[in-house]
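So, here's a batch of structures to check.
Both complexes shown next keep chain A, but they swap its partner, so chain B is in the first and chain C is in the second.
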Partner chain A sequence: MEKIIKWKEKYFPYLMCAPAIILFTMFIIVPLITGFAISFFSWDGYSTMTFNGGENYLFVLQDEVYRQAIGNTFVYAIAVTVLKNIIALGLAFILVKKFPLRNFFRSGIYMPVMMSYIVIGILWTWIFNPTFGLLNAFLRLIGLESLIRGWLSDPTFAMASVIVVDVWKWIGYHMVLYIAGLQGISRDYYEAAEIDGANAWQRFKNITIPLLNPTIVVNVLMAITGGLVSNYDIVHIMTDGGPFHATEVSATYIMRTAFNYGNMGKANAMTMITFVIAFIFGFIQLRVMTRQEREEN
Partner chain B sequence: MTNIKKYAPKLLGFVVVVIFFVICAYPIVWMVLCSLKGEGEFYTNIWGIPETFMFENYLKAWQQGELGQKFLNSFIVTVGAILLMVPVNCCAAYAIGRLKFKYRSIIYIYLLMGIMIPSGVLGIPTYQVALALGLNNSLIGLILVYASGSIAMGIFIMRSFFISLPQGLEEAAMIDGATRFQCFTRVILPLAKPGIVTQIIFSGLGYWNEYYYANLLLTDESLRTLPVAASNFMGRHNIEYTTLFAALVIITIPAIIVYFVCQKSFVEGLSAGAMKG
Partner chain C sequence: MKKIITLALSSLLFLTLLTGCGQKNETPEDDGNTLHFFSYVLTDEQTAAYEEIFADFEEETGIHVEASYQGTWSEAPELLNSMKLSGTPVDIFIQGVGLIQSPLGPGAMIKDLTNIVDEEVLNRYEDGVLDSCYMGDHLWCLPMADGGAWTIMYNKTMFEELGLEVPTTFDELTEAAATINEELGITPMMINGKDTWAWPGLYMSTYAEATDGQSVENVEAFLNGDKTFDGEAEIQAFEWIADLFDAGIMKADSLDTDTTGLVASFVQERVAMIFTLDSTLSDIRNASPDFEYGVLPYPIMDGASDYYYGYGIGDGSLCIPAFIDDANLEKAALFIEFATRPENAEKVLNAGGATKFKIMKEVDNSDDAFVQEMNEVVTPHAVTYLDWIWPAQINDAFCQAIPALASGTITSEEAVTMVQNAYDTIVRENDYIYAWWDNFTEEEAQMVYPAE
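Let's turn to the complex of A and B:
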């Protein structure tokens, strides 16, 4: 009896961790290893696999569409990161203070965060519709007929249009995070600075920005990883990479390569490349998120 | 003059906020208005309020899209993944946060790697693994994939909650004769409720809206979730757009209800998830 209790006591922590370890290993680590392995084979997904060394990676690097897709992915990630953070930070500065109907405005701006990319994608495809869309109707109303165009069918504007929608969806999310960050800065600093005669710009530069820095870093990194990886849904539903690959991102091209072109080896090679890129930014994000803890230890 | 100097920035701020509020909220209002228009009016009356409110569009969307089944599927997957993820995360986070054992930090770092592997990046190989395990085309497979994707962040959040609770809570309970596991379920877990609510809301919302894996793993029409149904709805040729918009509103309503019910925990949870360190 005593032995059993001791045994239980000793293995209790491992039993508690076991389900998480098993699930995580089965559906994150095993796929990662599988993907890495398949990336060295030529395979259509059905017939037998043949090892081809690093040939898939060579094909990927020589593939002009893929190079375009990776370029687009970075343009997309950088554009959404900059726009989301600047707009959200600006709104947070305004809405953190006393403001008429503050909660009403905050809720309205937050609403798109709740919605599925699919719903948003269909909605905005229709807003951008050249003939019956809301955007062109608005341009007509304010007399800017010259700007009217097929926003998603014009290769020059398609990417920007999709980026706008992604930014629209996430402004509220980043705004709420920035408001929380701003609220975390003690008023005492500002009062002390005011007594010392610091003006608004000096207070902003020397108090707000340094103390908000961790919040800014986390927001930026979240937006980057999101922009690099989580863009399949919105691009797929709005343009599916078109017109002429103008909005092709690595996620849509991977899916096309796997299921339309039936090239699983190459699709997995591209998956590994995306994985490495996302992993680097994720690693920085994790370091920032656990910084306080590491400093305490 | 001083008045202008004092009020000008405030007024400018107000204008900026109103503009962004309209940009964010109006398309959603427009979506609801469109869902209530007649088929002809949809194309001619782009701006305005519908002349007659066609509530039958919703009935049509529900029947034509067979949304009843899809609503149920989405519900099963969302609730199932929550019911799996929460206990799994809480148990592991408790052990890592409050117990001392060999390999503790290695296990923690191993699981935290998930934060560096954003959901969706491993779509194709996950599909291959699910296929090999016979978990494709099953709601259980999707539930397992969803729950696994929430482990890293969930443990990260829960662990910081458990650590913040005072030391000695367990000792007191154990003197009263509780086992280790009872300490966890009866003493510690009730105190960590805010963290659990945060996880449920955020992950749950993600599951409800998820499209990528649902589309990848489920091919059977009868197993599809709402976002996949909406996407397929759009692909049909003879589609009535008013009906499609009604379907979009139906998908969105549960998320909006959750938002207004849990608004407070939302804001708290957001900052907990991103800032706690």
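Let's turn to the complex of A and C:
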């Protein structure tokens, strides 16, 4: 009996973890390894695979569009991260206070989070439409005709337009996290600081930011990883990488290379390179943002 | 106890997830007398027509047809490949010429029908209809759906009110556009340029004009590596598209407009003419049944002698997969013969309304006035869709180059360089060969070409 209990104690945690580990292995590790292997082959997804060494990686590095897509991906990720967090934090400061209709505004701002990218993409494509779009109609109404343009067809503005939509969709989510973080900060700190004569900026800089840091780390990490790897849907629906690759991100170009161009090997090589870049970027970012906590520990 | 329950529940959850990865080893009721039919999701009317044919086929031959409809037209090759890899039987499938040219043909996914289909079956089709179905003198499919064409539709009422004659040349079109702009302040002509696939449609017309109708031959020579894509005609064809924008006939709003926006703009009279696929017709009719419109000839550009429109018959064609079980090949051929009999083909071809183009000798197309007009204006000036010939990478180069040219981001010379670069890239990276039918491995050739 004692043996059984010991066996249980020893192996039960492993058994509990096993389903998650097996699923993670099957759906993350195995595809990653398979993808890495395919990246060394010339393959259209249909006919016989031919080993071509590291040629696919060479093709990727020579590919101007891929380089542009990687650049766009970073612009996109950094822009949405900065905007989402600044706007969401600002809204959280306003909506953490008690005032009439507070919950109405909170719910309204959170609403887009629950909508799918398909719905949002189509909705905003119509808002940006040059003939029927609300945006240009509004600009015309207030006499700002000079600002009217093809928001999704002008290479200069297309990326900014897509970024605005992504930010609009997610600020509610980040705002809720920031509200929770702000509510977790004890009023005592602010009262003590006020007695010591600290002004609003000093209270924000020396109390709010340090105590909100874990929430900021989570928010920034989620926004940046989302911006780096979960940008396919919105870009695909709104511009599909156009015009003239102005909004091409690595995910749309990888999908196009794999399924439109039938070049699985090169698409997998792109995926590996994107994965390594995102991994290094995420790792550095995490290290930098948690430096203080690590030093304290 | 709690631990055991937790473990049991998590194991159950895990196994539930894994069931999705399983596959059936046997098809139920597969008694060796069943044909497996696969298609992308068709319209309700087309599905009902096929189901009727399956029932009649079973009654005549005793062969049961098991049908499966999944995904969209463009997803069908991947789904077919999944079926091949998972061992799911498929004996007949529906696909279009464009996706046979790439990726199904080069991927050795489709059977050569040349020696499978009898002459009698071929004779059921109108002359020239099967041209697109032949690649490298091999027959790969048999059309079972309406054809399609690019057209310029115009608002007849608006033209009459403005006293405009039907323009036939570029200069006349420019004059008409200027009148429309001055009198009504609206965009004269629009294309659904947000759907980037629409842009090559313009090039099909201008390139055919620049080559005196030899666009297909020139593209084939280019894809074969016999010529480069930087000649006078190639540049001229791009120039003529740029001219549409420079002359104010088309404007930047085309770049942001999708098919729905195009139809809405047209029926709400915010645009006088639209360059579109004829399939838009049903959307226009649904949106505004009383709207009066006609078909314009594509403007003959300065220096050209005739006009052309991109056109094709061969979408929704019957095909046999290369991985068919050999035991079912004869039954599949029997089904093709049965389905293409005029009385049966008519059910599918006219599902949801008579066809616009005449596909089969004994199946009439629509006598609708607009359709008749379209057949008069478009059909005698038709050139095969070039995006059914060139691969996706080249098409994508056009899809990027033309809007960039229209918005003044690049020049015509840069546009042809983009196309040439796309070709050079696929040759270097994909070992691209246009004549894929001559490029199979021995094993693939055995699957694709049936034994004599």
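The rule we apply is simple: the second predicted complex is superposed on the first by the 264 of 297 C-alpha atoms of A that agree within 3 Å, B and C clash if a C-alpha of one lies under 4 Å from a C-alpha of the other, contacts with A are read in each partner's own complex, and residues count from 1 in each chain.
Note that a contact is a pair of C-beta atoms (placed from the backbone, for glycine too) under 8 Å apart; a residue touches a chain by one contact, two chains touch by 3 or more.
All of these numbers come straight from a predicted model, not from anything done at the bench.
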item: First (chain B), second (chain C), both or neither touched by A:D188; value: neither
item: Which partner, chain B or chain C, touches more chain A residues; value: B
item: Contacts of A:S42 with chain B and chain C, given as first, second, both or neither; value: second
item: Touching partner for A:F128 - first (chain B), second (chain C), both, neither; value: second
item: Partner chain in contact with A:T225 - chain B first, chain C second, else both or neither; value: first
item: First, second, both or neither for A:F12, with chain B first and chain C second; value: both
item: Which of chain B and chain C A:S153 touches, first, second, both or neither; value: second
item: Partner chain(s) touched by A:D196 [first = chain B, second = chain C, both, neither]; value: neither
item: Common ground on chain A, meaning residues reached by chain C in one complex and by chain B in the other; value: 8, 12, 16, 19, 23, 26, 132
item: Of all residues in chain A, those that touch chain B in their complex; value: 8-9, 12-14, 16-17, 19-21, 23-24, 26-28, 30-32, 34-35, 38, 87, 90-91, 94-95, 99-100, 105, 107-112, 114-119, 122-124, 126-127, 132-134, 137, 141, 168, 171-173, 176-177, 180-181, 184, 214-215, 218-219, 222, 225-226, 228-230, 232-233, 237, 251, 254-255, 258, 264, 267-268, 271, 274-275, 278-279, 282-283, 285-286, 288-293
item: Chain A-facing residues of chain C, complex; value: 3, 6-7, 10-11, 13-14, 17, 21, 77-78, 81, 102-104, 106-109, 187, 193-194, 196, 252-253, 255-258, 261, 264-265, 270-271, 391-393, 396, 399-400, 403-404, 407, 409-410, 426, 428-431, 441, 443-444
item: Chain A to chain C touching residues, read off their complex; value: 8, 12, 15-16, 19, 22-23, 26, 42, 44-48, 56, 59, 125, 128-132, 150-155, 240, 242-245, 256, 259-263, 266
item: Contacting residues of chain B [partner chain A, same complex]; value: 13-14, 16-18, 20-21, 23-25, 27-28, 30-31, 34, 42-43, 46-47, 84, 87-89, 91-92, 94-96, 99, 101, 104, 107, 110-126, 128-129, 144-145, 147-149, 151-152, 155-156, 180-181, 184, 205, 208-212, 226-228, 230-231, 234, 241, 244-245, 248, 251-252, 255-256, 258-259, 263, 266-267, 270-271, 274-277
